[in-house]
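Given below, in the form of structure tokens, are the structures.
Next come two complexes, and both contain chain A; in the first it sits with chain B, in the second with chain C.
The block that comes next holds the complex of A and B.
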């Protein structure tokens, strides 16, 4: 698990990476810079993932494979691993100007290795 | 529609209202370890409040004694998750002594992570809002029924 998170946090602009229980919103593993509240990020990511999954099911678009939430001071990037409802979310917290494509690639690789 | 939130002790109302909104919980009780309810949200019947408060107080007493026998500090929180709903029970210490919070949430709407996160804020807000220098009110056996009736009337806006 830590190796998977290592690869994500090596990307320039990534401030932390986490594995989060999608159902509970609780941190499973984390590598975060000081000042990032892991519990809050995990709860937010799981809450958004659950609502997004239900909305996408209702819209008939299938399940999400990657989502990116851009905020003023940073970005949240998430790849739901396995069965998103009871599975693991691979989460990255990044600077606003991070290379999204590269982080996405590492998140997808991490999801494959941990699920 | 947001659930009805009412308080016997008015200083508990705003922190509890914020907690209910942010954590998206269905039912909440703020109570003393003896089962005296300070505030509630989401309950529609007095009998449910009484049952939940008595059971929560019993759990707090049981786990505290279990911790004591194991020579451990009292358990901070207890979480039970069923297929559709979850229960969260935790205690914290204020100037008025120990208080307990019982929260019930739908797994479709909230999660234990979200409840824990906003519970920490609730506990901090309640500690701040606790009237300074207040002494916990002792309920004597002779006054118990009247106190209980008064509290339930306040909690259900009668």
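The block that comes next holds the complex of A and C.
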């Protein structure tokens, strides 16, 4: 699991990566920079992922493969692995100028390796 | 697409009075099945002779068939019924340009611009006409890409006119996004409590899922704000998500309101974000007026 996170955190601009239980929002594994509250972020990411999953299923787009919360000073990027409802969320916290495409690829790879 | 047409045909057969003929006619037009599209549009017009969108659809099909004279009459009728119908105004501008009446073409585009000041395709069309460059004729696939939409400038397929129509009750609300690419579907504006403010959503089978999606999204804005704040990321600007069958983008025109844009998987997230940005500006303006 730590190898999967290693690949994500090696991408320039990534401040941390986590594996989170989608069902209960608990951290399964983490590699975070100092100052990031892993537990709280995991809980909120799981909650947001749940709402998004239900909304997307209702809208007919199917479950989410990747999502990306953009903010003024950075971004939260998430790939739901396996069965999104009871599976693992692969989460990255990044700087605003990070290469989103590259992080997405590493997240997808990590999701494949841990599920 | 064939499945869409089958599903839409079934819906229309089940409820011949419904406005689903607008979506079916457009789907057939986009597939190039112009005779079938024409039959659907004519049947719809018989049932809804005072519906501007029906005349607009009929005009687009006639334009694809190069029957410009009758297309002109239909767009003219659409504008008489709904003077601010930007699809019809653009259609008339396109036809005027074709016959060399640049003054009339520009006048119609200017009218469209008054209705939709944020629609860049109108400015582009005016600029092209002033340079004497002919916008290409409307095509069945022109509305499928942003590039085509901007290059067809004055063409009526460039914006709202290509969008499937919303159910009758949603018509006024859908005007929040009038003039925007796919304005009548796949755009939803809700308040913080999950109440629909404008727009409409349908799933892949054509069922109205507006209220269900709005309910699930209630509170997402606050949750996204809390997550961004906790991470020290400042205010959140948007949320893009890639689904198995479609992509979505969420934005917040005001701190309480939430805008959802849904498009097929083929639309890249970057382009979706641009579309959402335009829709956000329109929604903000609409909310300020309301």
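The rule we apply is simple: the second predicted complex is superposed on the first by the 115 of 115 C-alpha atoms of A that agree within 3 Å, B and C clash if a C-alpha of one lies under 4 Å from a C-alpha of the other, contacts with A are read in each partner's own complex, and residues count from 1 in each chain.
One rule holds for everything that comes next: a contact is a pair of C-beta atoms (placed from the backbone, for glycine too) under 8 Å apart; a residue touches a chain by one contact, two chains touch by 3 or more.
Quantities reported herein were computed from a predicted structural model and do not represent experimental measurements.
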item: Combined model on chain A where chain B meets chain C, clash or fit; value: fit
item: First (chain B), second (chain C), both or neither touched by A:40; value: both
item: First, second, both or neither for A:23, with chain B first and chain C second; value: first
item: Residues of chain A touched, compared between chain B and chain C (which is higher); value: C
item: Partner chain in contact with A:58 - chain B first, chain C second, else both or neither; value: second
item: After superposition on chain A, the shortest CA separation from chain B to chain C (Å); value: 9
item: Touching both chain B and chain C, residues of chain A; value: 40, 47, 54
item: Residues of chain C touching chain A in the complex; value: 201-205, 209, 212-213, 216-217, 219-220, 223-224, 226-228, 230-248, 260, 262, 265, 269
item: Residues of chain A touching chain B in the complex; value: 20-21, 23-26, 39-40, 42-43, 46-47, 50, 54
item: Chain A - residues contacting chain C, complex; value: 35-37, 40-41, 44-45, 47-48, 51-52, 54-56, 58-76, 93
item: For the chain B and chain A complex, residues of the former touching the latter; value: 81, 107-108, 110-114, 116-117
